[in-house]
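Same chain, two partners: subunit A is paired with subunit B first, then with subunit C.
Entry: the complex of A and B
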């Protein structure tokens, strides 16, 4: 009985499980509070956002592309505002919005047999009088039914494709109003296409770490001394992958001085895996990492976000490591999937996010609590000139190629989506 | 109430068979009970108009923190017990976009309010809960003033494992360690809880409370404690009132109908009677995370500072937990909401400013919380203060370490001294300097919520409000016990000024089973603690021995016992003393009174009665006659003194009683020393004649140095010289004739 319910506390896993049973609005609300309470953070944010937007597309009522875009944008900006410290949320929202725009323009092109240009369609749809919005809070039947209806409508649209004559025969058809007739089929088709697209994004997020790790052999050479600053999941996987083929030494810089007892070593599992591969792992305190810099060949850390200018949002302290590496002219490799690329410039506020004071000073220490003012900056900003290689799931990149990646993934009109206040 | 107990018992029985079934079925639903009323006056005058859990803490009503804490731990069903101001709490929750039970977005599957009309304590709530049979499995019991970010998963898992191993493990208390150095949270909580914990299992063995005003800085250890191979005594824990309970724990409440407080009464009692009820209570001591209760104004102050300093992360203003908030953190550690205007030239550091608040030029705001729509004029200084919504502070004023409730207006050039509490809509006139003493606690209402007449000498021309009158310890008995530390808890500033305290720690342990003269000594010293105004000296202040006010505060047992005995002695209509004796013994058990305090109470009661008889309105009897009447008029009284008051044949013990009588006599008001001496001699003689005291005992007293420690004591003692001489030379044949000589 006990293991069946290890915990009551809400988490990403529980949220994802409950997505289907809950109403959309309740899911949004619980995600917002999970973000606010930091019960979902880091790379999980992107995953959670993608799952939630998938629900938005699947569950909310919309009859044309603009409604869907507004809906996604509303939800997205609420999420982004709930967690301004997690820029990846905004990236996923932009990606989904871009995806919808792409699918919509393809659809229309297909519907109109290419007779009209994309621009025309877009102006048309913008100017078209919008039907009254469906109440956003209407509860929907559970997704099982929704999925079933997808299949049905999909099948129907396939059917339509194959037998054009049948559609023409149907009594509702009027030759004079091709758009209105095309709408219902295109909505469901669009829906399924967008959902497929979101699934692809989710796959990309989940595979990013593995894809990045696949470049490990190229980046790490035998006999290297590698410094990893506060290794994240991405970095750990990268190192483990490298250890399979390469013999090297890894310095792990962690906030707390290395503990003699292995019980509270946060990297015990990593150490085990690396040792299995014959890689030596040395734990050092982050404030002493400069002393090791002369021995180190390269510095690796993972980015929380990569900004347009090439600057990085990183765990606090990584900036010092990057500067030290720069001073010693050692290459700095930043790991991060493409979904972490932010088409924005860094803002002061985000890098200045302060967290829990008690991670540095125990609240039990009365005299310190009274005497000290603890500012625990959670994140740091690394200026672009300190970063040598951006290792993404698409391969290693340099600063100069970032702009083209951004352009590939985001639509310029979605960049400022969160500035438009969402309907709460 | 009367029907409740019967029903409660029935419900507890009825629950047993059904419980297994429901528990299996709903095992994965975590329930929580929020006690939104604590039946205390510590937040007066603010709580006259608003319940404690809706007071803003860093801009957010306290109950939001509590509910968010529950939500973050995956609680699904919540029951809120409301007492005073229940409508306001219900309205607040129903209007809240996040918690309203009608809203599908709420993280709780159900949220119910329970009103208990005749509840007067937390105990009544919990007995009511037992009766209702709402709880199906483990549940979390919290207070409505909790601020915490501790994940409960570990504690819940451990609790469940223990419960499955042993059905009698009925409760786990979550306690936060705060280290051994002086800590502001430790100071602010005033009452220091002392837990005796078995370190290997976490089982709680004994619970006691201490506070700075108590007379002896001892914690009495239960001798049975030493049967455990090891235990820790911990006073370094913040008791944040988070309990993980099984329904059995509620049954325990129902069984003991007079428990009121969950710690002082319930926990202490259950642990003490462990052999009777066989229940285990465990502690889960956490050293990470934050947990505290805004249980008094100093804790309010402390938690507010903790929030500003982000110890409570993620429950900090810029997380914007409540809908409609838009705090942003700026440089210098402040959090501002939208449309806050801080005029250039003003310094705002480490503060929280709510929406649309304006701060004029030349102001300094440090470590303060200012609500929404406040207007702060020019050249205002605000330090360490908590200013709620819509307050106006005019040019050139200064506010230091105070709480200003909603819509308070402070006139130009006024000064609000540290520790001030200005309630809703109070207005302070221009150029008014409030005096720091008595603590300005200004309200428009008295404690019954009747409007009061403005006292312009206090609040200045154009001001509104008057000093809020406390009703501490005045009305009911249950408050008496609390009255002492309550003095400390109703102020914002922790101050032990005017209170004379010794600073010994609990490291000295008094064992209850060994009774020696040392303990008597400590109590001799404790008599002096009755009067706070005089310096604490063991030698000089016996005058305060029974000054009614002082003692009733410092020793509830003593005053209750003396009153009970006196009433019985005074009663004209019956000569029965048995009921008084019964009552006395009951009191003794309830308070776990020591032998010496019993002796003291008995001595004081009889001496008081005897000295009353001396006074003209009671007949103006001679000392001899008075002593005889007081001791012998009631049947059984003599036996009572012999068994309870003296309690032994040993000369040392008898000498203690004689000493107690001597000191009691000096404490009687309006009795001159000479007459006191005569009365003492008469009483001692009577007791000797009645075989209560023996010769050796009186002689031991005569030889005791403590009996002549100061002038008055010696004077009184001198009067007994004759008696002692007579005793020393006593032959068997002398008995009644010499009685007159002894005066």
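Entry: the complex of A and C
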């Protein structure tokens, strides 16, 4: 929820500061703890993951691409398991792994061919013979094999590590193997290239909100009544940007009344900014949203993740807003950077996640505590048919275009990554 | 802006009060130059301290005006006694309750000034929607009966809040009004009672909180009864007749209706069902308890309204008789709850002539979700809550603003409107046995049954 943003932001900052001073393992552990305690959540997860993977690439010892991939994958799945409710962690891990594969093949091909365009074709032709393309399942056995062999070799010497990598270099082990041919001499070059690539991902994450906001003017027209459900930082920036050029009215909706302890308005800062732009902001203190929908022109909220079917993982209650909008045939605009696009199918467990119930039933009331099965849902799923526009840092998208964006950003062999258990 | 707000009604009043010669001296009191001048900068700065001072100033001002207005009224009333039925307003008011406010405040400009202040936070696009308000008993019309005063306060503070409870409280208070009524010399009850005794009570109640539709229906029937009396019906006989009407009304339309509806609805609950409901509604609760008593084994899934939390009370009352309860504190778990449920049982405040529900905000969201998931949505409603004159397709036509949530930052509507396409069936005390008649069928029956009396 919005009010808590202020309280968890420092812990991310602290973590990022400490990254350089700590050993890699300590950094991983402290991030895992922060994720488990949900002191880092939402968009910060992606940022933190990218920072940590950067450390993995920079600090850990690796001598070829497969080792690096395995390292990243192991750390990645530990993070993803620490916060299964944050699919963006997996997205970033996939992005980094794809990046490593790209850089590695680029390196290798750069030796053979001079130009990049030829290299692209080469990559295609290398990948083409691997039979079935929808890869989660075909890619699993080889990656599992790499994990296993990595562990098997762990106790052995550095020399053995290399030799294990060599034994993997057989056609049967799948797409990742050819890259293990990368020469040890190119390790430092590869490292710096991968680090640059991760920096780019980090830039993408940090700039996503601004880029999304740049489409605000197109989406919001003068005189609109916009319903923003639990505005995240992304939505806030979007609205503030729109307020610079447009006069409209914003309804802010949430399921719960503001906490009794904090009597002040959680959106005071946003209100101030919007009022400065001459935009009216009204908090709608209501459980249901159907009552207001006849007045509303469009509904805006941010997605925590966009699944490959076009469904959204959202804050609890956003599906109520989307459903009400749908009933009145009002457009629903979901905001979210491309890094939130998750090449998976939605999971019921995450979308039906329940949270703390203590604020709803007083523990002083024993009979109620015993009797009630309180279900405080904290995450929610919006089915694809309720979403009209996916507004990303690459511009507005439709459901039909999502697949090609996913394909652009993830390698098929990395799609199934989170299925693999971490270090056993 | 504040000057305009306070200035406008005062300026608008003279033409309205033009035929009331005594209303003229009231207006200068509201427009005393000093007060608005103090108010404007205070409101503009919106600093807490200044605001408080402004409010105090206004209260003072109001008191002064009320004193003047009361003085004015006494003269009006004196006139009214001579030339009968001077107050046209009340009669037209009782027909259409939401419009009461305008004419009421026309009669008493001071309340409009206070009201503007309370309502200043309301966004422009919702400014047409009325809101309950607490009126100090000292400011009430002098003709308001003490019992009605009490009921009015209870309604304004939402101590009595659902439509049937309000109706019952009103009728019981009116019983006392009738009991203590004495026809003035030279007048007949059938001519004097409604305009001079009943209407001020209704006006006051409406000022406290806009009337609910069951109250409107009941008052219409009561007035019809008064009109039925011959001009020279003895007072005692007429009073007896009215009291009897009220008693019969409470018995038939409230007590018996509740029993029949619960009985019919309980038949709809089968072993193994998971029934989803929203908040706490008397009829729904009765139904669950009765079905349990009948030996049905079922679970109840309650989605609560976080602004009311009635669902918690429902949960503990159900749990006491051994019904398994799933409790969701808000609509967040709507999807999962609807998927688990076998059908949905909802209570409502009123049903409009086009079959739309007028029910606690959030009801529509549940009905839509259930309809999308192809679950049955059954509504329980007494026929007295059917409004056969009004039609509403969205929640902004007839609604009320929640005074508790009305601040400069936030805003809340008490009700929403559920279109009939999201409702599988309505159970009333009428169609005994069939639980799945659409609202339209019941409306048609009601029209047939009640129209003769309504016209008379």
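Note that the second predicted complex is superposed on the first by the 316 of 424 C-alpha atoms of A that agree within 3 Å, B and C clash if a C-alpha of one lies under 4 Å from a C-alpha of the other, contacts with A are read in each partner's own complex, and residues count from 1 in each chain.
Following the convention adopted for this analysis, a contact is a pair of C-beta atoms (placed from the backbone, for glycine too) under 8 Å apart; a residue touches a chain by one contact, two chains touch by 3 or more.
In this text the structure is predicted, and so the values were computed from the model without any measurement.
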item	value
Subunit B versus subunit C as contact partner of A:20, first or second or both or neither	neither
Touching partner for A:288 - first (subunit B), second (subunit C), both, neither	second
Partner chain in contact with A:30 - subunit B first, subunit C second, else both or neither	first
Partner chain(s) touched by A:38 [first = subunit B, second = subunit C, both, neither]	first
Touching partner for A:376 - first (subunit B), second (subunit C), both, neither	both
Partner chain in contact with A:319 - subunit B first, subunit C second, else both or neither	second
Touched partner set for A:271, first subunit B, second subunit C, both or neither	second
Subunit B versus subunit C as contact partner of A:206, first or second or both or neither	neither
Interface residues of subunit A shared between complexes with subunit B and subunit C	352, 354, 357, 367, 373-376
Complex interface listing, subunit C residues touching subunit A	123, 125-126, 304-307, 312, 315-316, 319, 324-337, 361-366, 368-369, 372, 394-396, 399, 402, 405, 409-413, 415-418
Interface residues, subunit A side, partner subunit C - complex	225, 249, 255-257, 265, 267, 271, 280, 282-295, 316-317, 319-320, 323-324, 327, 351-352, 354, 357, 359-361, 367-368, 371-378, 380-381
Subunit A residues within the subunit B interface of the complex	1-2, 4-10, 14, 23, 25-26, 29-30, 33, 36-39, 82, 139, 349, 352-358, 362-367, 369-370, 373-376, 424
Interface residues, subunit B side, partner subunit A - complex	27-28, 30, 68, 71-75, 98, 104-105, 107, 151-153, 156-157, 160-161, 164, 176-179, 181-186, 236, 287-290, 306, 309-311, 313-314, 319-321, 323, 328-329, 331, 333, 350
